[in-house]
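First subunit A sits with subunit B, and in the next complex the same chain sits with subunit C.
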Partner chain A sequence: MPSYASPSPDLEGETKSQHPKQAFRTSERAAFLILRRLCADEPAIVLTSGALDGLQGLEIKMQFMLLFSRQGKLRLQKWYEAHPDKVKKKITRELISTILARKPKMSSFLEWKDLKIVYKRYASLYFCCAIEQEDNELLTLEIIHRYVELLDKYFGSVCELDIIFNFEKAYFMLDELMVGGEVCETSKKNVLKAIAAQDLLQEVSYGETAYEL
Partner chain B sequence: MSSIKQVINDAVEKGKEVYEKVRQPNPIRLRDLIRQIRSAKTAAEERAVVNRECAYIRLTFREEDSVWRCRNVAKLLYIHMLGYPAHFGQMECLKLIASPRFTDKRIGYLGAMLLLDERQDVHLLITNSLKNDLNSSTQFVQGLALCTLGAIASPEMSRDLAGEVERLLKSSNAYIRKKAAVCALRIICKVPELMEMYLPATRSLLSEKNHGVLITGVTLITEMCRQSPDMLAHFKKIVPNLVRILKNLIMAGYSPEHDVQGVSDPFLQVKILKLLRILGHEDSEASETMNDILAQVATNTESSKNVGNAILYETVLSIMDIKSESGLRVLAINILGRFLLNADKNIRYVALNTLLRVVHADNSAVQRHRTTILECLKDADISIRRRAMELCFALINSNNIRTMMKELLSFLETAEPEFKATCSSKCVLAAEKYSPNVRWHIDTLLKVVQAAGNHVPDDVVSSAIQLISDARTEQAYAVGELWRHLSVAQLEFQPLIQVATWCIGEFGDLLLNGQADVTVVESELIEVYQRILWSSQCSIPTKEYALTSLMKLSARLSHEVGSIQQVVSAFGSHLNIELQQRGIEYNQLFTRHGHMRGALLERMPPFENNRIQENDKIALTNGVDASPDNQALLNDFTAPNNNANENYESNALLDLLGGMDPGESNAVQPSTTPAPVTAPAPAVNSDILDLLGGLDSTPAAPVPATNMNDTMSSGQSTNSSNSAYLLDGLLNNSTPIITSLNPAATTASNTLTTPAVQKTSSIPGINAYNKNGIKLDMTFEVQETVTTINMQATNNTGTNVTDFLFQAAVPKSLQLQMLNPSSTSMAPTSTLNQIIKVNNPNKVALRMRIKLSWSANGSLVQDQGEISNFPPALWQ
Partner chain C sequence: MADAFGTDIPKLLVSGETMDVVKQSAALCLLRLFRTTQEIIPGGEWTSRIIHLLNEQHMGVVTAACSLIEALVKKNPDEYKGCVSLAVSRLSRPWALWLPEARYPPAGPLEGTLWTSTPAPWLSVKLLRLLQHYPPPEDPGVRGRLNECLDTILNKAQEPPKSKKVQHSNAKNAVLFEAISIIIHSDSEPNLLVRGCNQLGQFLSHRETNLRYLALETMCLLATSEFSHEAVKKHQETVINALKTERDVSVRQRAVDLLYAMCDRSNAEEIVQEMLNYLETADYSIREEMVLKVAILAEKYAQDYTWYVDVILNLIRIAGDYVSEEVWYRVIQIVVNREDVQGYAAKTVFEALQAPACHENMVKVGGYILGEFGNLIAGDSRSAPAVQFQLLHSKYHLCSPGTRALLLTTYIKFINLFPEIKTQIQDVLKSNSNLRSSDAELQQRASEYLHLSVITTTDVLATVLEEMPPFTEKESSILAVLKKKSGRMSAQEAQREARVQAREGNAAPAVEKTQTAQMNNSTSADLLGLSTPPANQNNTQSNTGVLVDVLGDLYGGGGSGGGSNTNTHNGTAAPSPASTSGATDNIKKFVCKNNGVLYENDIIQIGIKSEFRQNLGRIGIFYGNKTSMPLQAFCPSVSVGLAQQGKVTVQVKPVEPTIDAGAQVQQLVNCECVEDFTGLPDLIVSFTYANVPQRLALHLPLSINKFFEPTDMNGESFFARWKNLSAPSQEAQKIFKCSGAMETAAIKTKLLGFGMQLLEGIDPNPENFVCAAIIHTRTQQIGCLLRLEPNRQAQMYRLTIRASKESTSGILAELLAEQF
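Take a look at the complex of A and B:
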């Protein structure tokens, strides 16, 4: 596990013992970050002395979730890691074609770049999540299933058309179940309660100019 | 004044609305747009609808229509999902977020999450809105802001809003606390130094009843422990709490709220198991505390459904990762064994994956499930087959090799092309390691070569050849088998033909004198060779094998030598230059140098070691008359893959170290006898050795041994520069060293050393930096594209300098390698050295950006600059 806290152990150790003052450490941190930005600007520049090892501390659980139809039409996309639009489109295209080409006998998992892709088909819709190597793919299937159950409760036997015409509601539901790629509510009841309360709030907030989207 | 403005604004607003109504009464509803788009019959039609709507939406955005902004942004989001550009909606999302209406905020934040990500500049603007909403009195507004922050926070946003999130983490409202915990997680991922700030609030999250807060709290702690060893140590003490929570979960009766198919909150259970795994890793005390509960989870969890298996899977991972009892580990592996029999392919897949991870730790426990694993080789799912194959190779040992190899060979025959290369390589390795006897080994290799067809990697060909050349007693058998295959072979499979022709060329006499258990007539032999040599299906390397082999046969056959000569001389006009050259050269052996033919074409001695084998080109031409380009290969030190050289490098290293002893100087010799192929290589290496042998007699500081290790083992391509580098410490004393050269040193050494010495002396050193009492001087040596910069830093500050750190960056087309500095601290007026190597393949002008930092008198000094006064001789 790369950890930021000790990018260069000896450097850090020495600083601590010789200069216990917080101020010094912060200034060094700042220098460090400037350096880091420097190398972000010019990717080919090599920085040295091992000082920059282990900066990749990002551990976002679920990287993204995609919903798409059997015809390959994207129905929902939720990204928990920043990518330029072009990259997102490319990833989406690649995954959709890969998954649609898989045979029903195959498992619901595939390795793609350094991610694990977990997908499951519900009627005409594919639900597809990208997770980290260390993550539990069986549990990811459960998360997908939980999401489907929630949609089902909310729309009343949900179908693809519900999600097409109420895509924003599907997003709202996902945001109550997961934040930043992490499950944040494990009770169906609580999720549905929060959604209902917000829907109500929305109606109130229409006020006199009541209109729908 | 302001009221007048108000009136005017109102009037303008009204006018706008009127205009709006005249032009188009209301923007169409989202669902109507979706319907329109869906009813489009062609892509062009859809594009037209979208373009028209986008144009309209742009117009309303320009007109600052706030009434319908929400609807328009929602439509834009739909259009965005279809793949059309929608970036022009970003600012509108921000405006929606700033609106007081909840609907606007909800759509605005949704749009922000979809249209912006952390790369966008608009982030400064959204940070303010987020700050406001995080302080809102409505929990759902706070919730929206937290959710957005959790999804798109950038490092800058994280810093700006960390305080707000910390406050919300202590909120009395569980709905807010759980979302704040995920935000905190995102923030510490982006800016790890903010971690400590969240520590107090995080600790209290574990005493929660609410599962949402618990699960996010556990996740947050997991991330903290992953990121920092300090945090890991700190959280060791929560192991009993976690155990208790987990126990309550599995012991408590049915709770409808968190039940999933009879399992109580699997999401939370898995998160806790994961955290236990991190806390118990390499910690026997913590592991001891969790042993019981892991056993309980492993035995009590219902395994008929996916959800139970998800927990079991996580439990197995935790058991295998901590210092658990051996009984528990067996239990874990048995769970995986049960998984392998599961009807659900997903579960079989994770079982194989996990077994692969643990097979090296508990091989014997995994062995028990061998037959099940072998069954998985026939699975319908390709990724299951791949895992099963890898696992099978991990399970092979000398007891089961026969059965395992049988299964793997039949797998290899039917396997997808993408498997064949790895599978055949691994079969060969396994056979090499565990084969019960030579004949079985040969049989196996031949079967592998046959089964894998053209997907056999080159190293398999050469190890088959080596094996046969080594096994004197089995050569007749092997050549007979090979002949049997070759005489009926489909010519499209090159590797088999290559092995067969090589062996028949070497041992053709065994084939003809009947030792090989088959009867072959010479003319048959020639016929097969003709078929190979004139076939369009055979590759050039195969024909090279065949031609050389045929030539060898000319010394083994008695009647058909004439027809061999015919074939060989026909190649004198072949289109391929290599074949043509061989044709001409071999023809010479029939005519002008006929008397040498018999001696030249004798059997090759058995190969001595594996490494020479790796390059099958050398293997092939080894015993044959070395063709000019073969010689060139050996003389050229930059040739890749010259394996033999590596051997000598390691010897050289040993000798180098030995050479540091005064007593042993000049007595350094390569310790093994060079193979004929590599004759020039040891000569050069011994030069270096001898040079260094002279080293101990001079006061020049020896380069630290680790550095030598580096340079000696670095790739062949830098070999020549390495030698120069080794020399550089000796330059001051170059005369005595050169005189101390071993007389055996050949001309090769002179060509290597002399130019290096001259060249370095002709490049002037530079003063790269002289400020704040620190002076940097650089001297250079150039060897082809590699410039070695010897940087010397001098401390003129008058005080002790510590933590001296020199960093450098060069333009993209250059590669930079920095070796460790001789020290990181300098007493007044003392110096330190650091070697920097720059590879400049394109010979561009060298520039270097440098950054220096050091501490003097307890304060940190930093500076940076650019060096552009490098002497042009470095790259010209």
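Take a look at the complex of A and C:
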């Protein structure tokens, strides 16, 4: 998986010259990147009793998001609450089997432990989010839908293969949309702009290395 | 990392120069860090600067700030109170919701958020959610504007959707549900409540499963409000229909929940009947919960106890496997306590038992009731003693050992009731399968009962097997089970459940248990010198009275308590803006005394009278209203901290939800020490005074030393014991500075108040004090020895405590050291 890290600092000047529209001042850009880094990564596991007890530790809007196929293959996972890998696997397994067993006419919400699970199926993919008791289910559906729209726009009628082969893009987009379990960027245009900028950066850096070879 | 950036991020956040995108990230990042280390947010002037982020132009910043503020509010509601009016004004700006003006974006980068007819569902929902952390705004202007907004949202819901796509209405409905939940939360606008209810009513027959699910769930809350309870009841038909036709289990479950919530005296029979009908076909996953609910409803709203008995017997017949012990214990308790249904119950169970296949639980109930009240129907030749016995015994071999044991007890009761079938029963008791049963319990019972029937005279037998005394009235343990079952518990309920569990120990009506119950009864009765008679002697009082009270306590005292209930349910500590000046909290003094004023401010005085004997204690809490207005929604709750749960049990009698002006009410708390414990149970008193919710967090003066029994001994045995307890872990020593004067008389008073026997003339140094006492707990007795050495020159004390249980000495030393 490509590194999540921000582009290396020496590219900064170039970025600026190539995208004059991007009005970041250098210091602000650095601040921005640091801020995102601080909250985009999965938190380190805090060994409090709460964290080990399961999902009751900290108040986080969305606890995690899972994408999996109809065959039960996990395609994407994003955790906003720290868990040991073992727990994650267990949760994933449990949820996938529960959700796949549900019939299409059933409601998209279910109660699971002390969380609410909101899921929706788009074509062959299930999008599944875990939220807290007091959170709004319909709004979570909205977030899922927004994410799907984003994927759709970026890939042009997205399919499961797009996500398998370009999973990093899917992660990038999710990181733009949600930060630390909270909705961050509600504008589709802005997200896509940010992703396009990233793509450009990537091309430039790949391009250079290719020439040197 | 959090430390490194801790100071810079807040600066970035509120600085005027930072770009919006950075601000937005800063807010979310700060939120992230705040969850890791709460200290990261500076207080003081930062508070208002953070709150004013709500005024920002950029939507993203406001949305992010909203999340941040919500987290802060959860921790510190008072400090961030200012956000209420800002949030309301933000909400009432036309473009925050989906008014037509929304099409014209105001200044600032808003593009993209106007993507549906709901321009900013995230922001709207966040703002509404934020407001739910506070009681409705007091300022009539702000309140008016908020209500206007809610009104608009409800109006908007009526409009036909602009597009057919589900997704578009999702955003709209998300806001709508959030609006309804804030209406329920404030519980003060009957008009809005009823409108919200009607809106939900429409959703009940919507084709979207999701909406039906949410509507049912939200209606459950609406049903608890006195204003909308009637409105919810109008939809009874639809809900019952949903129960029958809905294809999704979870939706059906919601329907059951709603039926349970909307049930009251007027529609109880119908709802219970519908639930029973549905139970026959219900999914296995929800049967147990339904059984409990039916049992509770039947008991709570029974006007006629024959109906109640019928319902429960039906319940056992339909879903015997899912009827938990608590349910059938309860029916027996009620039958025993109510003379008027005993005959009917005996007749009904007799008939029910005649069915060729009947559930084991039915046999248990039948066995118990016939054993007690079989004589009431013995006059009829169809249910003559011998017939009753034959009937029961025909089931005997199909039952588990537990049930058999119960049946054996029934048989010995029969011997007493019907001497004519004595030989027949003795034959059964004598049979090898009983007298030499592989089950020790059965074997013992069979042989004991057999000898009892052979040796004793009829008089003795009659005394031994006298009819059961009425059960002490307490909260139905079924409720506790239900709470455990339904995973959706608020913290408050969890506390209450713990309380309920503590009482459960006494609830089982097996024969042996009653003996102990009786004993408890008598001890607690004479234990008490308090002014009112103990409630559990009022057996003449109707059962439902007490039970409904208890339920009332649990569900916020019916309608009037509803408001405060929602407050506490959301876990917000209701702010107490009224003056608390002159408040006194005397908890520390209570370590060495049993009676006195615990707390006093301008509104309320809380006094304590307590008495302890061995491992049991009774505390009377007196709440005095010092004002000239009644205190409404009065709800004190006592809970034992998590770590101490099971070590000490407290059992609290409910009190009326209102205290009239100048009046005083008393609440009794029975407690028992199970093993040594630290800390004090919490006493949370919440009430509304002049429409302002108040909440007092106090402690109940119940410390381990209350269970001391002073022990006298001579010097020789004292030193012998002192040496016996010489393990380092058994001893706790504290050296501390004296805070007041060192007067011998005062020290003696304190030590006596602490509960230990002061032993004089034992220590070679007359200045020193030595004491001895025993702590009684349910599980063991802990011997404690104490030595206090004052050093008058240095104004210091050295306190040494040795106890036979290792953890205890430390606890005691902590407690006592604070007193000097």
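The criterion applied here is as follows: the second predicted complex is superposed on the first by the 151 of 213 C-alpha atoms of A that agree within 3 Å, B and C clash if a C-alpha of one lies under 4 Å from a C-alpha of the other, contacts with A are read in each partner's own complex, and residues count from 1 in each chain.
Throughout what follows, a contact is a pair of C-beta atoms (placed from the backbone, for glycine too) under 8 Å apart; a residue touches a chain by one contact, two chains touch by 3 or more.
Because the structure is predicted, anything quoted here is derived from the model rather than measured.
Visitor: Using the touch definition from the top, say if A:H83 reaches subunit B (first), subunit C (second), both or neither.
Guide: first
Visitor: Of the two partner chains, subunit B (first) and subunit C (second), which one does A:F172 touch, if any: first, second, both, or neither?
Guide: Touch status of A:F172: first partner only.
Visitor: State whether A:T186 touches subunit B only (first), subunit C only (second), both chains, or neither.
Guide: Touch partners of A:T186: subunit B and subunit C.
Visitor: Using the touch definition from the top, say if A:E111 reaches subunit B (first), subunit C (second), both or neither.
Guide: Touch status of A:E111: both partners.
Visitor: Spot which of subunit B and subunit C makes contact with more residues of subunit A, would you?
Guide: Higher number of touched subunit A residues: B.
Visitor: Looking at A:L141 after the superposition, I want to know if it touches subunit B, subunit C, both of them or none. Which is it: first, second, both, neither?
Guide: In the superposed model, A:L141 contacts both subunit B and subunit C.
Visitor: Quick check on the superposed pair: does A:Q133 touch subunit B, subunit C, both, or neither? Answer first, second, both or neither.
Guide: It touches subunit C, and subunit B stays clear.
Visitor: Which parts of subunit A are in contact with subunit B and also with subunit C?
Guide: 24, 28, 31, 35, 38-39, 46, 58-61, 103, 105-111, 136-139, 141-142, 179-180, 182-190
Visitor: For a test of understanding, state which residues of subunit C touch subunit A in their complex under the given definition.
Guide: 1, 5, 9, 12, 18-19, 21-22, 24-26, 28-29, 31-33, 35-36, 59-60, 63-64, 67, 71, 74, 111-113, 115, 120-122, 125, 129, 167, 170-171, 173-174, 177-178, 209-210, 212-214, 247-251, 487-488, 570
Visitor: For the complex, which residues does subunit A have touching subunit C?
Guide: Touch list, subunit A to subunit C: 23-24, 28, 31-32, 34-36, 38-39, 43, 46, 58-61, 103, 105-111, 113-114, 133-134, 136-139, 141-142, 145, 179-180, 182-190.
Visitor: Applying the document's contact rule, which stretches of subunit A touch subunit B when the two form their complex?
Guide: 1, 3-6, 11, 14-15, 18-19, 24, 27-29, 31, 35, 38-39, 42, 44-49, 51, 57-61, 74-80, 82-85, 89, 103, 105-111, 136-139, 141-143, 146, 164-165, 167-168, 171-172, 175, 179-180, 182-190, 194, 197-198, 201-202, 204-207, 209, 211-213
Visitor: Taking the touch rule as given, give the residues of subunit B at its contact with subunit A in the complex, in rising order.
Guide: 29-31, 34, 38, 67, 70-71, 74, 77-78, 81-83, 85, 87, 101-104, 106-107, 110, 113-114, 117-119, 138, 140, 143, 146-147, 150-154, 175, 178-179, 181-183, 185-186, 189-190, 192-193, 195, 211-212, 215-216, 219, 223, 226-231, 257-258, 260, 265-268, 270, 274, 306-307, 309-311, 313-314, 345-350, 380-384, 802-803, 805-813, 815-816, 818, 849, 851, 853, 855, 858-860, 862
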